[in-house]
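Labels run A, B, C, D, E and F following the written order; every chain starts at residue 1.
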Amino acid sequence: MTDLAHLTRRMEIDALYADYAHCLDNDALEEWPEFFTEDCRYRITSAENFEAGLPLGIVYATSQAMLVDRVMALRKANIYEPQRYRHLVGAIKPGAEEEGMLSVVANFIVVRTMQDGAMTIFAAGRYVDRLVRRGAGWKFAAKEVVLDSRQIDTLLAIPL
Amino acid sequence: MDTHALAWPMEGNSRVPYRVFSDPGIYRTELDRLFLGRTWQFLVLANELPDPGDYKTTFLGETPIVVARGEDGELHAMLNRCAHRGNLVCLKRQGHTDDGLTCVYHSWNYDLAGNLKSVAFRRGIAGKGGMPESFKLEDHGLRKLRTDHFAGLVFGTLSEDAPPLAEYIGNEIGGRLGRVMRAKPKILGTTSQILHNNWKLYVENVKDTYHATLLHTFFTTFRVSRLTAGGGVAVSESGGNHTSYTRGKTDTLGAAASDKLYANIQSMKDGVQLADPRLLDATEEFGDDITVQILSVFPNFVLQQIHNSVAVRLVLPKGPNETELQWIYLGFEDDDAAMTERRLLQSNLVGPAGYVSMEDGAVGNFVQRAIVGSEDECSVIEMGGFDHVSDNTRTTEASIRGFWHAYRPLMGY
Amino acid sequence: MDTHALAWPMEGNSRVPYRVFSDPGIYRTELDRLFLGRTWQFLVLANELPDPGDYKTTFLGETPIVVARGEDGELHAMLNRCAHRGNLVCLKRQGHTDDGLTCVYHSWNYDLAGNLKSVAFRRGIAGKGGMPESFKLEDHGLRKLRTDHFAGLVFGTLSEDAPPLAEYIGNEIGGRLGRVMRAKPKILGTTSQILHNNWKLYVENVKDTYHATLLHTFFTTFRVSRLTAGGGVAVSESGGNHTSYTRGKTDTLGAAASDKLYANIQSMKDGVQLADPRLLDATEEFGDDITVQILSVFPNFVLQQIHNSVAVRLVLPKGPNETELQWIYLGFEDDDAAMTERRLLQSNLVGPAGYVSMEDGAVGNFVQRAIVGSEDECSVIEMGGFDHVSDNTRTTEASIRGFWHAYRPLMGY
Amino acid sequence: MTDLAHLTRRMEIDALYADYAHCLDNDALEEWPEFFTEDCRYRITSAENFEAGLPLGIVYATSQAMLVDRVMALRKANIYEPQRYRHLVGAIKPGAEEEGMLSVVANFIVVRTMQDGAMTIFAAGRYVDRLVRRGAGWKFAAKEVVLDSRQIDTLLAIPL
Amino acid sequence: MDTHALAWPMEGNSRVPYRVFSDPGIYRTELDRLFLGRTWQFLVLANELPDPGDYKTTFLGETPIVVARGEDGELHAMLNRCAHRGNLVCLKRQGHTDDGLTCVYHSWNYDLAGNLKSVAFRRGIAGKGGMPESFKLEDHGLRKLRTDHFAGLVFGTLSEDAPPLAEYIGNEIGGRLGRVMRAKPKILGTTSQILHNNWKLYVENVKDTYHATLLHTFFTTFRVSRLTAGGGVAVSESGGNHTSYTRGKTDTLGAAASDKLYANIQSMKDGVQLADPRLLDATEEFGDDITVQILSVFPNFVLQQIHNSVAVRLVLPKGPNETELQWIYLGFEDDDAAMTERRLLQSNLVGPAGYVSMEDGAVGNFVQRAIVGSEDECSVIEMGGFDHVSDNTRTTEASIRGFWHAYRPLMGY
Amino acid sequence: MTDLAHLTRRMEIDALYADYAHCLDNDALEEWPEFFTEDCRYRITSAENFEAGLPLGIVYATSQAMLVDRVMALRKANIYEPQRYRHLVGAIKPGAEEEGMLSVVANFIVVRTMQDGAMTIFAAGRYVDRLVRRGAGWKFAAKEVVLDSRQIDTLLAIPL
């Protein structure tokens, strides 16, 4: 792979994570499932579960359709106070690309702001992802959101 | 405010002064009389610490506890506080030791039952220093708890005169508990929520069969559960323990009438379908038609069965306005891969992000914020009348009145 | 400390024991006797909720309030606490409803005046459960406030025997208030500051005509305002309400003498010019030569006119050591684009980043930190003497003494 | 635009935001106005005001000269306790470039440290910017600092 | 709980009720009787503020203090609270002024000894406003502390009847203090730790000669220090001050026996070697063979010599459960570059990341967490017996008992 | 230096800081010394000390071997509660390259999570580094971790 190809791929991946952050932070939840493949796996879990090899997910989805259902429930069924996230994603580290599947790890911190203005560090952790190329860009074939903390403040409504 | 003595309203269990949810003095009394007093509290699963030397830490109220599997194969529970100068003996939440419990501060060593075995430099060095002759190892062990087992669950208490656990739980609730804990449990994972409200607001919520299908509109919208479905609530004689159960496949009114009823009370959305229905693809595993069963044991233990999602919840007070809600998600040893996957998918219903539980993480805080300045006002708990007896309806707050019935004498109200 | 009864110094309003700014017991008494007692507190602008079903939430002290425009076109204010089990009825800070106010917990529904209209499953289901016969909707409404209007501002109180608002404000202050609220207001934006100090330290600061040109050196440096300019302070009979005003274009001493005076007290920097003077390009809009007017109504309402920057400030207590300062920046319906731009530019003078207000966000915290360990010492409030009467000078602390004059009887000091 | 040109532009923009952060975090306030054009617009506001279309700014400037005045006032007139910011800027996302004007959005988190050592999340939010090319680099023709929170802790002295 | 009077156990200094480490009422009494009472507390190094106008702020307990070098060349210490309305007079932690101390709020100006020199607009403006005739500058200075020096260290107290500093420290401890402060100190740097525990838990830790080689396994593993080495502990007559000292190059038992002893108590790791031994490349600088000396002066001053690492530690209470531990690392004016580098490398041993001190930052919090619910239980302090006298062993808790001996009468226990 | 060379170097440096963050955040402490040269200097200090020119380090090392010793002590001697860091590094700004030595400054924020799940902003500040090329990548010849705060919460065990 040429340096230029490497650099271009890197720019594409950085853009994917930037778009993902803006999607969630700007309440464009309806677009969120489109970052994933149809047969994707998505899980939010704690480092404690992750490292113990326990399969539980705080959110556990095995298809893009389940992500669509999650958004629909948030919009139509679930009740929670107005709140917003602010994602900072860093240390994005692509690994080896095998049969069109690229593994990527990254660090994130999410600050949550409630309607009254109170800000807290809601989540910190790492993404353990598998990306596949789709046309000009990339999609998540698998995304594990591994939270450093075993505790969730109040509730987790908006995805991470 | 916190020095002001509480006079319980003459209405009794159908009125609760809001002060009990925020007063620091009342909270400290609860730690003392309830959590360190004559109640049984969940500690661990019986098969969670299989080998001698395995230990896990937890709390009675805010007091640190360690539970360890002894060389004798028995589980022992003790305060996690060194008898020397009060350091935490076990620093890790869970672990294993091959040489008893050693305090890092001055290396005092205890056996797995909490008996003091050695004191570093007890005899001094080169004839100087060391402990006085009057010091006896046997006078300085870790303070021990009574423990008792039921259906694979281990409970503990500091009280000498609490009744045996089975009696404390009661026959009806005990049977319901055993129904769910039908085999050797397998932990699928754990999580925890920090709730910014008094612990009793969450316990009321758990016992509140009235709110479920109104607050959690996912329930009604997707017909997971409705009050119009068959079911009821059982309350123990003490009032403190309860079970609510739903026969989700039945509807006492029929779907149409039920829809109409819910439409009127505006917690129903139309035309909503799951794009991937595997989420709700449940299977019958308990030998009856009960699709949802919520069970509690006074003061702070909860066992949930929602379809195939089984979880233990432990409600830990962290101050007058803060509570930790711990979740342990369970499967059973006879689960095959499909059953495990089913449980994992259904776990989306509960926990911090649960379709039918996320509201419970917030509503207690809504109440906590709303009652500021209304400490002398009372909540009104009259749904289903004024008593706290078992009945085959969930349109009642009987089990909440039962909680206060058990709470008041312990607190002297 | 918080159990220790407070003996007010015999000097009266010119001495304030520092304990009143930090004692938790005194704070709780303030919430009860001041904020839930015989005082009027700002709720909303009269034209902020134009349509029936519009609502907004706010606080009396720390107690949540909802204000709603009823079907009758009237504004109604009520505690934002459900009569059932105390949940917040309105979860959004501001919103609109087409079907009254519905509590999310069990779907009890109230009309826009806070009357209970329906109780979910009141009659139970299939003849089981439901509320007892003795339960009457009319006994379980939301607790209502008295409301009253003045110059487009809506105030509320829980007190039955507080005087009418106009009388409470008083004629002179009322006139000053009307002067600024000269037309239908238009909200340009809002912001809020969290101050790490007792709420009364900010209220003293607002009433403190002495500090402005000394602490806010921007004022003096750029000749926005000086004590040597003409002006004065008015204090209501109650003592609790005040107005200070400045005739900025005049100088009682003349610029040179004034410079000299300020040079001596070292809050003056020389040769400082704005690179872009549009910031201070003010225009006369109130039909007089008053360039700065600060007005307060006991206990926690402030109306500011600094040139063309008009803002309502609401001082909300959040604990003995914490306060939220809410800002609502106003224009008027007759503003053209140039006037709006002028107000926006001048808004740089005030708010959390204001050239002449940012210090006020910090100085209360400086006092809060300084008085620790000096709870039995007193501040000395003798500038301008010992009384709290109106006078045509701002070199006085009369309006601060007035505040304590109004505060003490309500608190029983 | 070639891949290489794209990559180069991206590196320039990243450098602009990095330099901007170091300028503010290292108390080089006198250089701060130089990141802007002479006729720039700069506003700090809350997401609440921004989304309601309310024009108010906590800081509101319509020229570079006003930014110079802000710095001068902070240095010569205003009184505030010693404090420092630490900016983390991420999800930098350039949009379309139109008549030499490039729109960019980015996420930020600012940790404020007081002289006694107390650290807090002082601000979280997004930049909504318009950049113009100036010689080798870029300047801000417009910068909106949109804070997630409606509350400011104590005061806002140093710009964001 | 915090209103509950404390009855000290009859065992005396060998038992400490855990309540004293968490009770808010006891904490407030400590601030009043200990920190604002009859004790001497470290303020600054004598040569830290060389020039007139130099000042630094610190605390007596939680009360802000400013220390300034006066025009007279003397150091003056005062409360950092303006006599007007209580603002912090000095906002910067450290600085220099050429025109005395001016409060930013209303520009009242004090000289460097805290005497009020001028009041802005004291005479009003154009004959209006200003301070009343009765107001006298001399009645409104900053509250002053007594200060006293010892071995280049400046201490202060608010007490009129505290004995002279040298007498308060005592001869033996004074000699040990002078031994370390052998020349004019040079500050190499400072740092600070926030400890989530009561201040006394850290003070006990400092005085605890028993824990060092057990908790800090680095000590033993690398033979930096062992209890089997020669040494001892000295306690002042008051009980409140102490020195422990180690002759690290000696071993009363010999290395082999010592290894065996430590092996048994499991705080020893084998075969561990430093890859870069320069860390421990110490040199003899104090004219004796004492390799480690820890010294404390009641209530909250610590002076440490660990090989060539010299530091002052100040223990500042920040609430019942929080403490700030400030570190000032010292060299001496005669240090050459090699000596400075040596001290910097050895500084890795101490401070927040110190190989033999990081555990001390956490263990107090471990105790704080462990004792919740055990407020009426007691720690057991019997190592070395029951008294608090000097002895040539460190296998004792004598100096901890000494601390409580000094603490109890001041608190009335 | 060509644009492409610039871009490639930039990608290498970003990768260095990303790998460094993952090393510390994922408890691979044994690999940490390998990010440094044998005769490296490493210091953690406060901005207060740094700006006053005071030489003290909270951690002070003058060789890679001392970093190895630090890790060994953490593993074998020191006692501290289980905890993990999450690094976010941003505003990475390479300076001039002189005789093979490249100076780089960067901002960082570290969130620390304790075993019970409590998260706090443990550290915020800047790296002031000197890098040298080693084979395909870069190593730290000098790293100064300059903390904005003068206070450390409880203790500092894991390096920054």
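What we mean here is this: a contact is a pair of C-beta atoms (placed from the backbone, for glycine too) under 8 Å apart; a residue touches a chain by one contact, two chains touch by 3 or more.
Computed from a predicted structure; not experimentally measured.
Novice: Using the contact definition given at the top, which chains are in touch with both subunit C and subunit D?
Specialist: A, E
Novice: Could you tell me the least number of steps, going only between chains that touch, from subunit A to subunit E?
Specialist: Steps on the shortest route: 2.
Novice: Measuring between Cα centroids, what's the chain most distant from subunit F?
Specialist: C
Novice: Count the touching C-beta pairs: is B-F or B-C ahead?
Specialist: B-C
Novice: For subunit C versus subunit F, what separation do you get between their C-alpha means, in angstrom?
Specialist: 48
Novice: Please work out the Cα centroid separation of subunit A and subunit B, and write it as a whole number of Å.
Specialist: The separation of the two C-alpha centroids amounts to 31 Å.
Novice: Would you mind pulling out the distance in Å between where the CA atoms of subunit A average out and where those of subunit F do?
Specialist: 27
Novice: Could you say which residues in subunit B touch two or more other chains, in rising order?
Specialist: Expected reply: 3, 91, 104, 192, 194, 215, 359.
Novice: Among the residues of subunit D, which ones contact at least 2 other chains?
Specialist: In subunit D, 4, 7, 79, 81, 88, 90, 109, 116-117, 121, 150-151 touch at least two other chains.
Novice: Strictly by the criterion at the top, what is the full list of touching chain pairs?
Specialist: All chain pairs meeting the touch criterion are A-B, A-C, A-D, A-F, B-C, B-E, B-F, C-D, C-E, D-E, D-F, E-F.
Novice: What part of subunit E is in contact with subunit C in the complex they form?
Specialist: 3, 25, 28, 31-32, 35-36, 60-64, 79-89, 91, 99, 102, 104-107, 109, 118, 120-121, 124-126, 128-132, 135, 140, 143
Novice: Can you tell me which positions in subunit B touch subunit F when the two form their complex?
Specialist: 91-93, 104, 192, 194
Novice: What residues of subunit D sit close enough to touch subunit F in their complex?
Specialist: So the residues of subunit D touching subunit F come out as 4, 7-8, 11, 15, 17-19, 21-22, 25-26, 84, 86-90, 109, 111, 113, 116-121.
Novice: Could you list, by residue number, the parts of subunit F that touch subunit E in their complex?
Specialist: Within the complex, subunit F touches subunit E at residues 44-46, 48-49, 54-63, 65-66, 68-70, 72-73, 76-81, 150-157.
Novice: Which bits of subunit A are touching subunit F when the two form their complex?
Specialist: Within the complex, subunit A touches subunit F at residues 3-4, 6-7, 10, 47, 88, 90-93, 105, 107, 109, 121, 124-126, 148-151.
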